[in-house]
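We call the chains A, B, C, D, E and F, going by the order they appear; numbering starts again at 1 in every chain.
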Amino acid sequence: MPAPIQLLSELAEGQEAEFFALLSEKQEFTTRDGKPYFRVSFRDARREVGLPIWSDSPLANACRNEWAVGEFYRLRAKLEQTNYGPQLSIRRIRRVQDGDRKDGFDPRMCLRCSRFDPEQMFAELAAVAKERIDDEPLRQLVVDILDEHRDALLTLPAATRNHHAFVGGYLEHVLNVVRTCCHLADKYAELYPDMQPPLDKELVIAGAILHDIGKLREIAPTAAGAEYTASGVLVGHVLQGRDIVREAAAGRDICPEKLLRLEHVIISHQRLPEWGAPKPPMTPEALIVHYADDLDAKLNMMVATLAEDTGDGPVTTKRNALGQPIYRGVV
Amino acid sequence: MPAPIQLLSELAEGQEAEFFALLSEKQEFTTRDGKPYFRVSFRDARREVGLPIWSDSPLANACRNEWAVGEFYRLRAKLEQTNYGPQLSIRRIRRVQDGDRKDGFDPRMCLRCSRFDPEQMFAELAAVAKERIDDEPLRQLVVDILDEHRDALLTLPAATRNHHAFVGGYLEHVLNVVRTCCHLADKYAELYPDMQPPLDKELVIAGAILHDIGKLREIAPTAAGAEYTASGVLVGHVLQGRDIVREAAAGRDICPEKLLRLEHVIISHQRLPEWGAPKPPMTPEALIVHYADDLDAKLNMMVATLAEDTGDGPVTTKRNALGQPIYRGVV
Amino acid sequence: MPAPIQLLSELAEGQEAEFFALLSEKQEFTTRDGKPYFRVSFRDARREVGLPIWSDSPLANACRNEWAVGEFYRLRAKLEQTNYGPQLSIRRIRRVQDGDRKDGFDPRMCLRCSRFDPEQMFAELAAVAKERIDDEPLRQLVVDILDEHRDALLTLPAATRNHHAFVGGYLEHVLNVVRTCCHLADKYAELYPDMQPPLDKELVIAGAILHDIGKLREIAPTAAGAEYTASGVLVGHVLQGRDIVREAAAGRDICPEKLLRLEHVIISHQRLPEWGAPKPPMTPEALIVHYADDLDAKLNMMVATLAEDTGDGPVTTKRNALGQPIYRGVV
Amino acid sequence: MPAPIQLLSELAEGQEAEFFALLSEKQEFTTRDGKPYFRVSFRDARREVGLPIWSDSPLANACRNEWAVGEFYRLRAKLEQTNYGPQLSIRRIRRVQDGDRKDGFDPRMCLRCSRFDPEQMFAELAAVAKERIDDEPLRQLVVDILDEHRDALLTLPAATRNHHAFVGGYLEHVLNVVRTCCHLADKYAELYPDMQPPLDKELVIAGAILHDIGKLREIAPTAAGAEYTASGVLVGHVLQGRDIVREAAAGRDICPEKLLRLEHVIISHQRLPEWGAPKPPMTPEALIVHYADDLDAKLNMMVATLAEDTGDGPVTTKRNALGQPIYRGVV
Amino acid sequence: MPAPIQLLSELAEGQEAEFFALLSEKQEFTTRDGKPYFRVSFRDARREVGLPIWSDSPLANACRNEWAVGEFYRLRAKLEQTNYGPQLSIRRIRRVQDGDRKDGFDPRMCLRCSRFDPEQMFAELAAVAKERIDDEPLRQLVVDILDEHRDALLTLPAATRNHHAFVGGYLEHVLNVVRTCCHLADKYAELYPDMQPPLDKELVIAGAILHDIGKLREIAPTAAGAEYTASGVLVGHVLQGRDIVREAAAGRDICPEKLLRLEHVIISHQRLPEWGAPKPPMTPEALIVHYADDLDAKLNMMVATLAEDTGDGPVTTKRNALGQPIYRGVV
Amino acid sequence: MPAPIQLLSELAEGQEAEFFALLSEKQEFTTRDGKPYFRVSFRDARREVGLPIWSDSPLANACRNEWAVGEFYRLRAKLEQTNYGPQLSIRRIRRVQDGDRKDGFDPRMCLRCSRFDPEQMFAELAAVAKERIDDEPLRQLVVDILDEHRDALLTLPAATRNHHAFVGGYLEHVLNVVRTCCHLADKYAELYPDMQPPLDKELVIAGAILHDIGKLREIAPTAAGAEYTASGVLVGHVLQGRDIVREAAAGRDICPEKLLRLEHVIISHQRLPEWGAPKPPMTPEALIVHYADDLDAKLNMMVATLAEDTGDGPVTTKRNALGQPIYRGVV
C-alpha cells in the first residue's frame, strides 16, 4: 500500500514524502565559471520551498524544457535543512494528472488562501445586503451583482500585492469594510438625526459591499496569484466597479439620485486624486466608506509586514507596502 | 413707423434705441444710510451693461418682484457715459413676448458666442470623422455619437468658465484639437513607421473628437451660460465621456481592443491625477490627444486673459484661469 | 407680575420679550457720507441676531463706550423681520447683574453647546476606561487624568473652529472616537489572533480617550468660544497631550513599553507631517486611533457645512473646513 | 584577394567576418572562485555584442592593459549564438589605423544614429528659418547661429539619455518641434486675428529652432555617446541657450522687445520650475513651443520604451524615461 | 520771515505747518448715495497720512485733474486726529518747484529709507571686496561691477515688497549677507582644512556681494518704491545677475573655472526650483551664500511683520511675507 | 622582546604587524558553485579593511561560530594589495583580553572620531553657556543639562548616518552651530535695536546649545557606531530634546515665557513639517538657530560626499545624504 499523500506545508525536516505542489518560480542563472543553472520554487497554500537545479542534475533537461511556472506537480521529495535554509531533494516528479484528484489533488491546495471560508464570507455579505438594505431596487441590485459574480468572488484576491493578496482576500477585505460600515452607519445616523439629507445608511452598506467590485475586471487570477488585465491597466477598478453597477442597474427601476450617490461612493473611495480617486468624497456616505476601506487595507499591510519582516531592532525597514518603518517592539 | 430694433452691442454713446437683452445679474445691496437698491446688468452677445435701480425709481417695484436673471427683456433705453462707466437709462422695459420673434428676437442673440458658425464647425467635425476614420465600426460609432447629440453640441460651451466658456465653445475647442491631432497623427505615423503596435491614426482622431464628449452630461446650458449638473459634480466629464462611448458601442461589432484604447484616450486626456486623469496616458495616441487638448485650452485662457485684463504695466495679475501673470508687452 | 424671562432663540417673529444674551460682535464702520456706526450681535446657545447702532441712536453712546464683546446683557427687545434678515429692536438693555441668576441667568445659556449632556458624556468616558482597560496602572492613569481635568473637560470645545467648536465639543468628539475604537479594537483583535505583538486593545482605548487631551493646554475657552494659548501656538496639542500623559505617569509603576506606545498613539494621531504628526502611526494601535479620529472630525465638518451653507445648486462652495465642495443633493 | 569588410550589424549567426567596431564597455568582474575576468562590448551603429574575456584567454593581457572604451578596433570574429545570447568569438583584433579609412572605416559607423540624414535635416532647418522669418535681423540671427554651429549640430544628440540620445538626435528632435510649431503658429494666428499683441509667428519659429541650442554647451559628445560638461552641470542648457542667443545678438540691430521675448521662449520651454524652467511661459509664443517640444520628447520616450522593453504582459514596467508603465497591447 | 519748513513725520497732533510730501495714493470711490470722492495719501520717509477729498471740497477739481501719484507737493496743512486715525486738513497745496530745493526739498526725503547711510554701506562693501578677495582678476571684476553701478545701488531696494523694500534696502541686505559670509567662510575653511577642492573663501565673498546684482535689471525704482521691469518679469534677477557678471568678465583674464563657480553661486542662491533656483547649490560656496541670504531675508520679513502687525493675541495672522503666524509674545 | 603594537591605520602596504581592531562587518555569501564563505571587515579609527574567509580557511570555523560584529580583536596580519584593493592576510587572531589594555588597547581607538578633542569641545560649550547667558536660571539650566550628560555627550555622534556620524560628532556639530549663533545673535541684535520684543541673544545661544539634546535619547552608541532606540523611533529627538529641557526645568525658578520660547526653538529647528518640525520657527530666535543648524549639517554632508565619492567626471552621483549631485570640479 502506497504511503498516503502528504502536504508540503506539513513535512517535517528530514522527512521524505509524496505531495502536490505548484511550480511558483523558475529562473535561469549562471555560475561565474559559466555554467547555467535554474532556481525553482514549489509551494502549497502555506509553505514555499526553493532549490537549485544544477546543469549536471538528472532533472536539468526536464526543468529547462518542460517545467512551467503556474503548473502543478506531484513530487516525492525530502525536505532538508541546508546552509541556505530548507530545500527539497527531489526523488521523483511529474505533472499532475487527472487521476490525482482521487488522491486528493485540488489546485486551491497550492495557493495562499484566506483563513476564512469563502462560502461563509460570501453568505454573510449576501445576508447583510438582504437585511440592511430596505430600498427594494437597491437591495436587488446589490444581491444580483453578488450572485452573478459569486464564483469569481469566492477566490478573488483583493489585489495583486500590497494587501489581502491571496485567494479569498477580496471577500475578507470587503467583509471587514462592510462590518465596520454597518457599525459606523448606525452610529452616525443616530448621532446626527437632523442631517439634511439624512444619512443614507443603506447607501453606506451598498457602497461598502460594492466599493471594490471593479477588481473583478481589473485583475485576473493566475496560478501564481493574480495579474492586471489590459483594461485594468488602462481604466482601473475604480471606474470598472462603477461600470458593473451601471450595467446591472440598466433597465431597473432604481432611484436615479440613489444610483448616482452609489456611483460616487465607488469612484471616490480612494479619497485623493493621487491615491486614485477621480473625485473626493463629497457625501457623508462616501466619506464613511473611504475610512473603513482605507483602515482595513493599511492595517492588513501593517500586520503582514510585521509577520514577514525578518530583521532585528525595534522597527522594520521601510521596504513594505506602507513605505514606512513599522514598530515591532522591544523583544 | 416705429424705429427698427437695434442691438445693445451696437448702440453709440448717447444713443437711445429699442433692443432685446438678457438680464444677466440682479443683486440687492444697501446704501450705508440704510436704503436698499439693486444692481442689475443686461447683455447681448457682445456687450454687457450694468446700472443701479434705486429704491425710489419707478422701476424699483418691478425689479424687486418681477425681473428674473436669465430672462429676456425688450427695452427702450439710452446708453450714457458716467463716472462709473457706461450705464443704461431705461425708458421702457417688458418681458419678451412671442410676437417679438417677428421683430428679430432670438435668445441666442443675447449670449456670448463663438466667432465661428456652429453648423459649419459641426459639419467639419463630422467630415473629419468620415474621411479620416477607415475602420467602419469605429467611424460609425463616432459619427453616430455626433449625430445623436448634434443639437446640444451646437450650443454647448467647453466649460462653465476657464476656457471657451461661450455658446459654441465646445465645438470651437474640439475642432482645434482635432485639426492639431490630424497634423500630429500624420506626422508621427510617418516619423515612426516601425512602432509596434503602429500608431493608430484614426484612434488619435476619434479620441480627439470624443475626448470632451462627457461635457454633455457634466454641464448644462443656462440662460446665463452653463452650470454643473449633479452628476457632473459627483462623477465628472472624464468618466461620463467614456460612458457615452461605451453606451453607444454596446451591441456594435467594434474591436474590443480598439474600444478599450479609445476609452483610455478619454480618461487619460488630463494626464496627471491632480489635473483630473484617473490614469496617465499610456499609449502614444492618448499622449498626442492630451497635448493637443491642453495647448488649446491653455492658449485660449492666455488669449482671453490678455483681452480682458485692464491693468497697466508689462504683465497681468495672476488672478486668471492660468493662475500666473501673462506678459502683455511694452506698449 | 413681570413677564417671565424668555430665550432669544425661542422668540417668534414680531415678539417682544425680555431675555439674556451674550454680546458676540461689535465692530465700527462708517457710512459713505462719513457717519460712524456700529454693527453688534447678540446671541444665546442657538440663535445669533445682529443689528446696526446708528450714531443718532439713543444707544450710540453706551454702545461706543460701555458695551464689550464677551459680556452678558439683559435685554428687552422685539425680533423684527427686515430686508436684511431678522434684527432686534432694543427697548432696554443693561449688563447682567448678580441678581439675574435667580431669574434664570446662566452664562452657558449663551454659548453654542453640544446636544448631549456633558456630565453623561464624561461618565461614559470614565466608564469605558474602567471597564475596558485591564492593566491596572494604565487604567488608573487614564482615570486619574480624566478626573483631574473633569471641570475643564465638561465645557472644552474640540477646536477653535473647524470641527466640534462648541461647549462640550471635546467630549462629544472624543466619545465618538472612543466608541468607534472599542468596536474596531474588538474586531481586529479577533481577526488577527496571531499578530506579534498581539493587538493591544486597551492601548487602543486609552489612546482614543487621550489622543486630544493636549487641547486642554492648546486652547482656552473664552466668552465667545475659544482661542489659542501662547503654548498652543508655539508647541501645539499633539505634544502637549503627550506632556500631560508623561507628567501623570511620573512616579507610577506603569510598563515603560506600554507608556511609550501610548505616547506614540498621541503624537501620531494626525498621521502625516503636513497634517501635524511628528511621526506617522507605526503601530496598529496608532493606526486605528488615527482613522477613528479623522473620520469623526471630517464627518462633523461635512455635516456642519451642509447645515450652514445657504447657497443653492447641487453642491456647496469649497469655502468650508474641508476645503472642497460638499454634495447637497437635488432638492 | 581579402574578404571585403563587413558590418557587425549585418553579420548572420555563425558567420565569421572582418569588421570595424567601437569598444563600448569594459568592466572587470571576478568569479566566485576568485578569478578576475572582463566583460567587454563592441558595437557599430545598429548592433552591440558583449563577451567575456577570461583570464586564461590569449586576449586577456591586451584586454587588461591596452583596450580602452571609446576606441575603435578592426576585428575578425565569428558571431555565435549562446545560452546568454549572441557573442563574438574573436580571431584577430587590433586598433584601427589610418590606413583603415581606405577600407571604409568611419568613426560614425559605430555610433547609434538618427535614421535621417543630418545634412538634410540641417538644410531643412535653415530653410525654415530663411523662409518663415521675415524680420531681417531676427532671421539673420537664427541663420548665423545655425551656421556657426553647423558641424557640432550635425552630430549632437538631444540628450545624454532619456530622448533622442543618439548622433543626429538633436536635429531630429528640433526639426520635429519646428515642423509642429509651423503648423501651430499658422493655425493659431488665423484663429485669433485680434490678439494684442498679435501672435508673433516668426518668434514661435525662431524659438522652436533655438529652444535647445544650449545643449551645445551642456553636453559634449564622447565616443560612447555624450556626457555632461562642467558648465552643463552647474548652469544648464536652458540658461546656456539664452547665452548663445544673447552673445550672437550683441551688436546687431535687433528689436530689444523681440529679443527679450525670444529669450523668454528659451528659458520657459520646460514650463514648470520643477521641470527646469526658471520662469513659466508667459507669452503665447512660449506656450506653443513648450507643448510642441514636450510632446516630441515624451512621445520619443514612449516609442523607445515600447521598442526596448522585453517583458511580457500588457504593459511595460515603469523603469523607463517616463517613469510610468506604457501599454504594449494585447498581442 | 516765513515759518521754517517742517517734516511731515515730525508734526505733532494738532500742529499746522508747511512741509514737502509725495502723493503716494489717489483712488476714486463713490459713496452709496452716488457721490464720487477721492482717497489720497501723502508721505515722507517715515510717515504716511491719508485723507478723503469730497466732491464739494475746493480741492476736488485739482485733485481729479492735476494731482498725480508719484509727484511731490508742498503743503500747508494741519495734522488732526479723527475717528479714522490721523488725517491732514490741507490749507494750501502746490507742486514742488525748482526753487523749493533751496528751502530744503530733496525727493529722497519722501521715500522709506534704510536706517543706514548708503554711502557708508557701499564703501564697506567695496572695502570687503578689496581686502578679502586676493585673486586679482576676480577682485577687479567685483570692484568694477560695484563701481559701475554705484549710483543705482545707492538707492535700490532689495525687492518691490517682501523684504528690505525701501531705498537703500539692497545695500543693507547685501551687506548683511556679506558680513555673515565673511564669518562663515573663515570658520568653515578653518574647520575643513582638507576639503578637496579647498573652500574658496574669496568666492564665497564675491558670491555674497553679487548674488542679487540682477535686481539692477529686474526692478526699477519709481517715485512710490519700485516695480518689475519687462525683462525682470520674463527673465528674472537670478539669470540677470549672472548676465551682469558674464558681461563684465568678457575680455578679462579671469580663471574660467572660478567664473563658472561664481555664476553657479548666483543662479543657485534660492536653492530649490520652486524657490526660484534653476540649479540647487552644488558647491560649498553656493551653499553658504544661500543660507546667509535666506536667513537675512526671512528674518527681515519676521521683524517687519512684528513691527507692522496691529492685531492682539499672542500671534500675528499669517497674512505676511512669510505666510505663517509670527509669535508676538505675551504682553 | 616582542614587536610593539601598531595601528591598523598606520600599516604600510606589505607590512606585517600586530594591532587591535574592531570587527565591523561579517556577512555570509555563497559562491556560484555552492560554497559558503564570509566577508568580514576590521577597522580602527581611520582605516577599515575587508577580506573573505573561504570555507577551507583554517579560520573558517572560528569565523562562523565565534567572531561577532562589534567585538574587538588582537590580530597579527599582513596588509596586502590585491586586485580587489587592500586586504589583510591574517596570521593570528584572538579576542581582546583585559591584559591588552596595558599594551595600549582602548575601545575608542577603533571608532571613527571627530578630529577635535571632545573634552575641549565640551569645555568650550560650557564656557559659552556661562559667559553668554546672563539670565541666571536659564544659564544654570543649560549648564546643568550639559554637566548631567557630560559623559554621554563626549562620545555621542550627531546622527546614525547623514552628518557628523562619528564619535564626538554631536559636540562638533553643536559647537559649530553655537559659534555661528553667537555671531548672528550679536549681529542681528545690533541691526534691529527696536525689535519688540527685543532679540533675546541668550535664548539664541541656549537654543543652539540644546537644539539637538534629544539625540541623547533618540540614538544609542554601539560598537559599530550608533542605532536608533525604540523611543527614538516612536517619538524622535525633536520632542525628546524638549522633554530633557522640561524635566530639568521642573522646580526651577525660570521665567515661563522664556522656557516656552526655548522649547519652541527646539521643536521648530527643522523648520518644515516634512523636515521634521511639528511647528515652524515663529520667533526670530528659532529662525536663527534653524539656519545655523541646517547649514552646518548640509555642509558636512557635502564635504563628506566630496571626500568619499570615488567616481570621475565633474560631479558626484546623487546617491548621498543630500540626494543631489555635488560638483567636484574639473581636475
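The rule is short, and it goes like this: a residue touches a chain if its C-beta (ideal position, glycine included) is under 8 Å from a C-beta of that chain, and two chains touch if they have at least 3 such contacts.
Remember, it's a predicted structure, so these values are computed and weren't measured experimentally.
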In this assembly, which chains make contact with subunit A and also with subunit F? C, D
Using direct touches as single steps, what is the fewest number of steps from subunit B over to subunit E? 1
Pick from C-F, B-E or D-E: which pair repeats the contacts of A-F, with over half of them the same residue pairs? B-E
With a Cα-based fit, what is the angle in degrees between subunit B and its identical partner subunit C, given to the nearest 5? 120
If I average the CA coordinates per chain, which chain comes out farthest from subunit C? D
Between copies subunit D and subunit F, are the contact residues mostly the same numbers or mostly different, with half as the line? different
What whole-Å value do you get for the distance between subunit A and subunit E if each is reduced to the mean of its CA atoms? 63
Using the average of all C-alpha atoms in each chain as its centre, how far is it in Å between subunit A and subunit C? 42
Which subunit F residues touch at least two other chains? 30-33, 230, 233-234, 257, 261, 264, 282-283, 315, 325, 327, 329-330
Which of the chains touch, listed as pairs? A-B, A-C, A-D, A-F, B-C, B-D, B-E, C-E, C-F, D-E, D-F, E-F
Could you pull out which subunit F residues touch subunit E in their complex? 176, 179-180, 183-184, 187-188, 191-192, 194-197, 257, 261, 264, 280, 282-284, 287-288, 291, 294-295, 298-299, 302-303, 306-307, 315, 324-327, 329-330
Which residues of subunit A touch subunit D in the complex? 30-34, 36, 227-230, 233-234
Residue ranges of subunit C touching subunit B (in the complex, touch as defined): 29-33, 35, 52, 83-84, 313-315, 325, 327, 329-330
Residue positions on subunit D within touch of subunit E in the complex are 230-231, 233-236, 238-239, 242-243, 246, 257, 260-261, 263-264, 267, 273-274, 276, 278-279, 282-283
